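Next come the structures, one after another.
Consider the two complexes below, in which chain A is the common component and chain B and chain C are the respective partners.
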Partner chain A sequence: MADIKVDVRGETCPVPLVETRKALRKASPGDTVEVVGTHPASKKEIPMALKALGLKLEDIQEEEDVWKIRIGV
Partner chain B sequence: MTDKATIVVHSGDMDKMYSALIIATGALSMGMEASLYFTFWGLERLIKGKLEKGALSSMHMFGLGKWMVRRRMKAANVASLEKLLQDFKELGGKIIACEMTMQIMGIKQDDLRHDLIDEYGAVGTYIQEARESKITLFI
Partner chain C sequence: MIEKNVYLDNAAATRMDERVLEAMTPYFFETYPVATSDFGYSLGIEAREALEYARDEIAHYIGASGEEFIFTSGSTESSNLAVKGVALALGEKKGRHIIVSAIDDFPVIHSAGSRALEKQGFSVTYLDVDHEGLVNLDRLRDSITDKTILVSIQHANQEIGTIQDIETIGRICSKKGVLFHTDATHTFTRVPLDFKKVKVDLITVSPHTIHGPKGIGGLFIRKETPITKWMDGGFQEFNLRAGLENIPGASGFAKAVELVTPEENERIKVMRDHLIDRVSAEVPDTTLNGHRSKRTPQNANITFHFVEGESITLHLDIRGFSVSTGSACFSRSLEASHVILGVGGDHERAHGSIRFSFGRYNTMEEVDRVVDTIAEVVGELRKISPLAHNKEAQK
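Entry: the complex of A and B
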């Protein structure tokens, strides 16, 4: 069970969403993917993608414009 | 069956290439399949070395507008078309090149970035893709 980190701070549309998807495709069942970013729309849209992909949003946090999303694969 | 997006990339303008590739990679990222059908001026962008060479669809102003927009895109850290195209392929996107355009414009397979192209086809290929798609766009 690996803990995969995706750092998309400073990246804009569509990179946070695309990099999240790329990491999820490489992950194995049981892995956790943690995405850190600053692009505001992606904070809403990554959870929408997870729902469409049938994956579990484990946690979402935001502190001073930096959000962190944890995904269970 | 997985939902699919099929986009006709008719324009070779830089901004429209961005629209097409952002929507297509977005669709793949959200769990859809995606196909891009490159035709006319859009297909020119798949000629080796031509991807980033499109003009702006408006306010191009002999290249001044494009230069300004590129500068602002760089400041906003917008991904290059090359990165978006590579991401599109990595996420399983399909690229179809229009054979008739190749014939009209005298483009040979060797002129194109053959490694990126999954299929060379005509209208029937597009329709077959589009009829299975929830989203289809002409850009």
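Entry: the complex of A and C
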């Protein structure tokens, strides 16, 4: 099991989702993907994509305009 | 992640037909030598005969003779040879002026433009198109001078599918004594073209859009057309294209041409119209890009306003649908499409455009599924889109 980090701070749509998808394609079952970003729309768009993929959104946190999304693969 | 992908990007590349592979296979494992003359060994003569058979089949499809068709490595090379080959042949003798349409595909625009011929002193007129993608024929007439050596206007556009009136363009060019090249990558076998009737001197074609192989293409060159070879080496393809012949590819190309039928083209057109009609009726704030009726049967290009096309393609991909935001080149970058900008669209319209392109293996059930899915995806994306929020605020 690995903890994969994706840092997309400063990037705007659709880059955060592109990078998240890239990480998810490489991840194995049991891994965790953690995405850190700043673009507000991506914070909503990534959970929307996870729902379609049937993946578990483990946690969302936001502090001073930086959000963090944890995904269970 | 995805159970079965629904592929709707047939303008970029198609799934090869198994019958095409069957036609190619003997030339990998049995008749694999290079094509040789009658003085060579039998297997090489057989290879040459296969090449000439494929050439004749493709040429005869539009009423040309085998001597008027050469194989290349694909559309890009064909258009490069057409534009640069004519420039080499006539640049010194007649003039250094070329006319292209502003929304042509990159092989033509970049061959003529600042990366190639313009840099060598040629002048290029880029003809604007109207809001549906059609070239203004009066403007074309007025742009031709006694120094013009070539007009290159595509048969149909790679992104929006608009079909140009190449019959009239051919007549204009012929009357003015100027050569005419058309890129028919997206129309060959899908839209009728009669080489005996249309006064076109050079035509770029490729089988990768009709369930044939990649890595092979062709260029029709009408007899007596002045053109100079620019890739040096051997004397293949009537001494116009050096390099070992791709005989499996040529055989696959001919088979792909044989397999396209008018019934298939009609079936594809029905799917295209069904998608356009349903999206127009069910998804608000959309614009059909390109001409409503003068468009290739396989192309539907729609802008979904207030959302980014790249986001739509990603969310459709996640749900098992492959579509693109424009030409294959653009889908690898986030630059605005020169085609959508060319038909008068702004950056928002360009970035929100999605190209759906149909092929042999698509079904009406898939069309219904993609429309249902896109309605859902666009609805969800608009809820989080700053552009959509701005629109609501302006109301």
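In this text, the second predicted complex is superposed on the first by the 73 of 73 C-alpha atoms of A that agree within 3 Å, B and C clash if a C-alpha of one lies under 4 Å from a C-alpha of the other, contacts with A are read in each partner's own complex, and residues count from 1 in each chain.
In this section, a contact is a pair of C-beta atoms (placed from the backbone, for glycine too) under 8 Å apart; a residue touches a chain by one contact, two chains touch by 3 or more.
Only a predicted model underlies this, so the values are computations on that prediction, with no experimental measurement involved.
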With both complexes overlaid on chain A, does A:48 touch chain B (first), chain C (second), both or neither? both
Look at A:22 in the shared chain and tell me whether it touches chain B only, chain C only, both, or neither; answer first, second, both or neither. first
Pick one for A:11: touches chain B only (first), chain C only (second), both, or neither. first
Using the superposition described at the top, list the residues of chain A that contact chain B and also contact chain C. 13-14, 17-18, 21, 25, 48-49, 52-53
Chain C residues within the chain A interface of the complex: 1, 308, 310-311, 314-315, 317-319, 380-381, 383-386
Chain A residues touching chain C - in the complex, by the definition given at the top: 13-14, 17-18, 21, 24-25, 41, 44-45, 48-49, 52-53
Chain B-touching residues of chain A, taken from the complex the two chains share: 10-15, 17-18, 20-22, 25, 48-49, 52-53
Spell out the part of chain B that touches chain A in their complex, as residue ranges. 22, 25-26, 28-31, 76-79, 84, 87, 90-91
